[in-house]
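Following this line, the structures themselves.
Next, two complexes with chain A in common: one pairs it with chain B, the other with chain C.
Let's turn to the complex of A and B:
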């Protein structure tokens, strides 16, 4: 892989006494389609905010680790510095909800304001229309005049993607960008993201809880749990041969591949509370394969645990190369 | 199906719902639900599936056609009529479906006392038993919804529905707001309740994977109309209607 554009190295974030992120690693190469998959509270959305330099704005603090963009350490970059990156180098698409767009402004006005700020060379009106065409909204002149509530969920999601593209970012971070959409609409948005990546060469970080979408869109996947990366590898490998017990449990809980009449496998217990984290691996209390050292010794990605097919895994058992059933 | 059953629990015949003159949210929908059935209603936003579900529990009277509950149209069943209890609804958003100021015990006990003359303590004992059946116990029973997880709230919603001793549970997207690992727990619970209590299930979902796993028959709705109906397995294996086919094809990762 050529030099990564965006990197998070062992990032830990604290909000007061709570530690929602403990060890987050992410490497995004040019033009790469990378997924972060995890369940509610795993820290995937917060990891996006860290990559957008928004930790302090949210009241948190990066307490250890590094954030790099194009090789430069931007961990301690101030708000002014981040303003040169955010929206310009790193674009952001939030979840498709009515609350993600300003409700009282017409779509055209919002796009033009963003164009004036992020792409001052361009004619705002022209740029807005061009972006609406780029995201395949039918009748862009009419959409310019529309208020967000007059558009369907799928159309609003396209508008939000257009907004993220104003500054021609090198990396697009999409946080649950298709979650609230119907399956047919979701399929169309995924197709649009694939196409935009091909035409612009930008990288995409796709954050989701949906393993199916990951398989559809991405080439590499990071699996998050309890504020840490549990596993990273090629999507096909991680899905067919998950090496971390958590990934394995997640994949087998997937109802789409379940045998009718056989109870679905479940993961007992609850995810860790960020204010009272257990020592060692955050999944150990729920893990069927846990050893004594799992709940005493911290294990993180990059500690040299690597499986045969090349996944990196934060699990002592995977290190031993045992086959877990 | 229900051919041998003399009288279905629920029978929707030619149901139409119109909120606005000349526009139909649902039109021409038919469905029979017999004891122990598991029926899926599939469709996307705006397909009319939730509206149809509301007519099935009698929360909404159709503008056209009728839904009969054990042979009587919902329009003749008063609020206090025991027949009201026959069909109960489980909601999509488990948090907003619960009173934020009530603990699980209070929520379920209130539903019990609506139908049975029990004093508060007896009702709370019965409530604890029902909550136990849905997988909640200990100090969770005394927490407000804000301190419960989404899956735990959904269990409270299911226990509250069971408090009415229904014959049919109608679950409207019961796991859409939940994580995959929690979804599997709730689906297991619904399947178990069906087996243990002989409950009929009507599962409304946009998720074909969930419908395939839980139900034996299914309807596919599009723009207010039922476009295809049949046994779930064969229908998903060989869909006849182009819309069913499109839904199946857009299922990611399969």
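Let's turn to the complex of A and C:
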């Protein structure tokens, strides 16, 4: 793989006494489609915000690790420095498009304002129309005149994507961008993202809790749990041969693997409280395969734990090459 | 079965209908008083400080509100005084509101915590003092007899002290609103798009904060008018001979039993203004609460 564009290296984030991120690793190469999956509260969204330099704005602090962009360490970059990256280098598509568009402004005005700032060479009006066409919104002139609440959820999400594209970013981070949409609209948005990646060559980080979407869209996947990366690998490997007990549980809890009449397996217990983290592996208290070692010794990704297939895993048992299940 | 259409409107629906009526009545009263305040002093044959007839004359066709203790026309004085009082109150409130809203928003969005803490303690201090006592003290410091350009004696001191105290409540209101807006998705999304914090503050936060503080400001106008009238009784308001509601009522109080019109008629106009302002302000604040 060529030099990565965006990297998080062993990033830990603290909010007061709470440690929502403990050890986050992420590598996004040029043109890559990477997924981050995990359940609610695992730190997916926060990892995105860290990659956009928003930690302090949200009241937190990066306590260790590094954020790199194009190889430069941007962890301690000031607000001004980050502002040059946001929108221009790293685009962001939020989850709730209705809440994320300014409710009192017309779509066209918001796009044009963004174009004036992020793409001053262009004619704002034309750039806005071009972007709306690029995200396949029908009747762009009418959409320009509309207020956000007058559009449907799918249309709003397309507008959000158009806004994120104004500055022609090299990396697009989509934080649960399709979660609030119904399945057909979701499919259309995924298709759009795939197409945009092909036409612009940008990388996409796709955050979701939907494993099906990951399989459809992405090439590599990061599995997150309790503020740590549990497993990384090519989507096909991770889905067909999950090596971490958490990934395994996640995959088997997916509806598509259900058989009629057989209840879906449920992961017992609760995710760890970021203010009172247990020692060792965060998943150990819920893990069916835990050893005593698991709840005493920290295991992180990149400690050289690799499985036969090739994905990296933060699990002592995977290291031993044991066949689980 | 009784259809839904035949049933009486639910309670909230009625309240809303009344709110609309209230707004119309309030706006009507307010517009009426303001028009009279503007045109009566311009068109009336007598000036507000002109001695035009014997003192203590009861209301008549030539002097609808009678004459006062020195034989001046109470009608023209009432509306000349109203013009001054409303103008002073509106100006003081508008500036306080703009200033307070800007300060509150800036403080809420500031990254330096001590700015917020310091400003809020100052505001707490200002608000903890009884409003009238604080105003009175400031007027004494500035000098109640001070004249400034076209402003008659008493007005400059009044304006200065109203402005020094008035911004605080708007800053507190604005800060609370801005702090909740600051965590809104669209504010974060704007920052994630690379907009500067100043731009986000002005374009995304301020318009919403402004809606709250402005609605409150309308209600505040009458409070200031009443305080100004009260200050006349303490000798600290607008100084004679300039006409002002408080001053007029103060002058008439000794002869209230015999020449009631000198005190009561300006008072009635004051009450009607207050009613108008309150009805309008209520419907504005009510519209906000209903999420309009």
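Here is the rule we go by: the second predicted complex is superposed on the first by the 323 of 325 C-alpha atoms of A that agree within 3 Å, B and C clash if a C-alpha of one lies under 4 Å from a C-alpha of the other, contacts with A are read in each partner's own complex, and residues count from 1 in each chain.
The rule is simple: a contact is a pair of C-beta atoms (placed from the backbone, for glycine too) under 8 Å apart; a residue touches a chain by one contact, two chains touch by 3 or more.
Keep in mind the model is a prediction, meaning the values are calculated, not measured.
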item: Clash-or-fit label for the pair chain B, chain C on chain A; value: fit
item: Contacts of A:209 with chain B and chain C, given as first, second, both or neither; value: first
item: Which of chain B and chain C A:153 touches, first, second, both or neither; value: first
item: Following superposition on chain A: angle at chain A, chain B versus chain C, Cα, nearest 10°; value: 80
item: Which of chain B and chain C A:260 touches, first, second, both or neither; value: first
item: Chain B versus chain C as contact partner of A:123, first or second or both or neither; value: neither
item: First (chain B), second (chain C), both or neither touched by A:250; value: first
item: Touching partner for A:83 - first (chain B), second (chain C), both, neither; value: second
item: Partner chain(s) touched by A:100 [first = chain B, second = chain C, both, neither]; value: second
item: Minimum distance between Cα atoms of chain B and chain C in the superposition (Å); value: 9
item: Touching both chain C and chain B, counted on chain A across the two superposed complexes; value: none
item: Residue ranges of chain A in contact with chain C within the complex; value: 52, 54, 56-57, 79, 83-88, 92, 94, 96, 99-104, 113-114, 117-118, 160, 163-164, 166-167
item: Footprint of chain A on chain C - complex, ascending; value: 111, 184-186, 188-197, 203-204, 207-208
item: For the chain B and chain A complex, residues of the former touching the latter; value: 44-45, 149-150, 179-185, 187-188, 191-192, 206-210, 212-213, 233, 246-247, 250-254
item: Residue ranges of chain A touching chain B (in the complex, touch as defined); value: 39-40, 153, 182-187, 190, 209-216, 249-250, 253-256, 258, 260, 263-267, 270
